[in-house]
């Protein structure tokens, strides 16, 4: 378990802040905390993601080695986010699938792509002890 | 506030897994959750960081636009981590400093560099409402 | 005590949504949850405030009988918000003062005015049992 | 999520305090915290509502732009409150209905009217991330 | 530790419900939950106390073997309640004192008497492990 | 909701401490905190009950106006305690029944009698808001 | 209930630290906190277990009087751990069974043996009040 | 962090159950949960310790490799327990000292011996991240 009071924070590139706002706030349903000329800061599922205006965005995104996301403790939260993705037609990079099906580490996963080609993976493990 | 039950997860490149283990577990005091041939998974301050063996590590690291870390709610936690950094001689990329000193967003920060040039920022805000 | 999982919600008039955004998000540091043509929804200190575009805003605001706000359990939170108010030059309707100084109900309070003349009171009670 | 320790507070007009007491305490099942000559203070689902004796109550109530209430995390809490409303014959301003049925923001809602024409909306969202 | 979700409940006699209301709600600052013809129910520091209209009240109260109250984890809460007792001139049955001063069980205590001669003891232990 | 850190405490008469121990610890499954010559202290469902050796025990117990017990938030806890009562053949003073069946205050209840004729009521409300 | 912030700690012998690592981390899914020449420290289901390199390990293990483990509040956690045991072929010392089937203390249990013959019992009680 | 709902459990030998009761309940202030002919079960700082009547107790106790105890998050809890040890003259096996004084793992510790020569270590780390 993690504390409720600290926050993970992640800084990522965004080629356009309006695009980023549209994807994260209007699409994914994150909350906008602050907007500056060169970045926006987000309450991303309770942690902080900062989109920095930058040209250093990935032109040819691959899942490894860089991506980020949330592992949900409750299956319902994963299902509901997937429903949101379909309803709001967010860009899916990897369709929902099951990994390690024959192992304790078995989990459900799907991957989104934001407008700057950052990849977001959302997971749910059958055995929550495997979340780490 | 975030929940105690979900976890943020971040995948980053590591040019060498033993090096990554040494930095994150023996250095930074994270817990090793699992080790595979091609990656290690860590309990990183309550969230999940996965170091993937990869040649795609950054040769010339810059703080923007990519870095990650923790924002502590309590100043003591930030101070204690800084003491650990000194005691264990972890590689400091940016010395402790204060940003936005004249603003509500004022916070203390320092940045570490892991052996694969991933940059880790640890922050503490005077006003915890600014954590996002 | 209240639960962490439910939310109070309050709908108020706003004569202009950009103004409301500026006051609540850029000023008071609330998070923007959603923006529609006719309203914005806010994460207001953990509860929901919705600003509806409307001409029914109060022309001559008085503190009674209508206002809203937060009662902080910790004095530090009240102090920090007051510091933010000064730093960001938010519009103060009633300066910080102490009410019921000779009673158990004693509390510190100040009142802000948003651009649509909604009044926001922020309080801290010496004895937290008096918060209700 | 919000904290358990702070409280939202809302001040509203009441044309008669006995009437207000009857509606909020005997009807809605809120707890009476304090009674003064000119107001009663209530523990309203964990937050504070204060009914101020005032002639400034709304003669022709409309749902927009002013109303308040609770968004429940659990459907059961919404259902149980609706059952209470029926059993105790509280004044319903808007019957239970579903809003935004085809969107992620989909939620169930009903609206009560207190004796001073304040409108109270109680909601439940299918996706709790939409509570804000 | 106890749960936040269950409640202890205690039924006690009251020779007069208005008197009981005055003592518990206006005096001690408890919240009134419900009032019936023959009893009032109270949110007493988070637990339930019910005052039943009854002639079976104690004419000659003694501290043993029957009394009830709250043991506070934080000294501040005990101090604040004592301040309230003085300010609101509640009837003190036993003045503040320290028991078991030379033992681990050492605690501060005072005892109130309600209008029906029920005795209420409020305690604070130096070592919270001794609360039971 | 109540805090997890404070404790309600109740002092009651016991005509015999061994009998009290047998009923509360071996029967009801409470934990023994301390035993003195003249009393035993118990962790009673997270609160403190103290049984004082005394001749002032009730010879002809009646449910009103004096009794105490626990109101469980979860039905399962009430059911499990009832199963324990049957299995360990504890003395039932009032069989399980439903009160206020046609009202919001509807709850299930049963009453035990301890060896000193103290009466213990255990309740579960359909609507947890009625616990107070 | 126990606190979230303290930790039980247990020191046990290990005839070989690599073996211990393999059993506890790769097998049981515990997290490795630290490794020294003469011991490894583990986050064992949230508590601390330390395996000390030692020749004092038990040659002929018996369940009584020495063993340790976890009692799960939720049946699902017990079931999932048992599934892990089967999938990863951990050494079972005592197969899953039910103890005290006709009593309130009824619980499900199985026992593992680590490579140094330490015995680990994992339990789930039907009535969680019997966990102690 | 660990959950509040599960419990670590540890079974240890006791050469005499009355002696064990005296040490753990009357001395250390643990709560007695259950007593059987062949064992007593204890609520030991929120976890379960079971003392089994057995002749397999250690005749020549050494700190390594077998001992158990609690690591407190708060220094005050460690200090208070040490005060209890002095006041109740519990048997100290190793006096309070500081280990790893020049390292991040620095912690305060003392060790008790129960009547059956089981050794109990109580620790407090300056940096709580080192508790594991």
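The first chain written gets the first letter, and so on, giving A, B, C, D, E, F, G and H; residue counts start at 1 in each chain.
We take it that a residue touches a chain if its C-beta (ideal position, glycine included) is under 8 Å from a C-beta of that chain, and two chains touch if they have at least 3 such contacts.
Per UniProt, the chains are A, B, C, D, E, F, G, H = VOC family protein.
Quick caveat, the model's predicted, so the values are computed rather than measured.
Student: I need the common contact partners of chain E and chain G, sorted by label.
Tutor: A chain counts here if it touches both chain E and chain G, which gives F, H.
Student: Just going by residue numbers, which of G-H, D-E or E-G has an interface where over half the contact pairs are the same as at A-C?
Tutor: It is D-E that repeats the A-C interface.
Student: Please report how many Å separate the Cα centroid of chain B from that of chain H, as a whole number.
Tutor: Computed from C-alpha means, the inter-chain centre distance equals 35 Å.
Student: In whole angstrom, what separates the CA-based centres of chain B and chain G?
Tutor: From the centre of chain B to the centre of chain G is 31 Å.
Student: Take the average of all CA coordinates in chain D, do the same for chain H, and state the distance between these two points in whole angstrom.
Tutor: Here the centre of chain H sits 51 Å away from the centre of chain D.
Student: Do you know which chain D residues sit against two or more other chains?
Tutor: Residues 1-4, 29, 31, 33-34, 43, 46, 132 of chain D each touch two or more of the other chains.
Student: So which chains end up touching which?
Tutor: Chains touch in the following pairs: A-B, A-C, A-D, A-G, A-H, B-C, B-D, B-G, B-H, C-D, C-E, C-F, D-E, D-F, E-F, E-G, E-H, F-G, F-H, G-H.
Student: Residue numbers of chain A touching chain B in their complex, please.
Tutor: Per the stated touch rule, the residues are 1-14, 31, 33-34, 41-43, 45-48, 52, 54, 56-57, 64-74, 77, 105, 121, 123, 128, 131-132.
Student: Help me check something: in the complex, which residues belonging to chain C touch chain A?
Tutor: Chain C residues touching chain A: 25-26, 29, 31-35, 43.
Student: Going by the contact rule at the top, pick out the chain D residues touching chain B in the complex.
Tutor: Contacts found on chain D: 1-3.
Student: Quick check: in the complex, which residue numbers of chain F touch chain G?
Tutor: 4, 29, 31, 46, 80-81, 83-84, 87-88
Student: For a test of understanding, state which residues of chain B touch chain C in their complex under the given definition.
Tutor: Residues of chain B touching chain C: 1, 103-104, 126-127, 129-130, 132.
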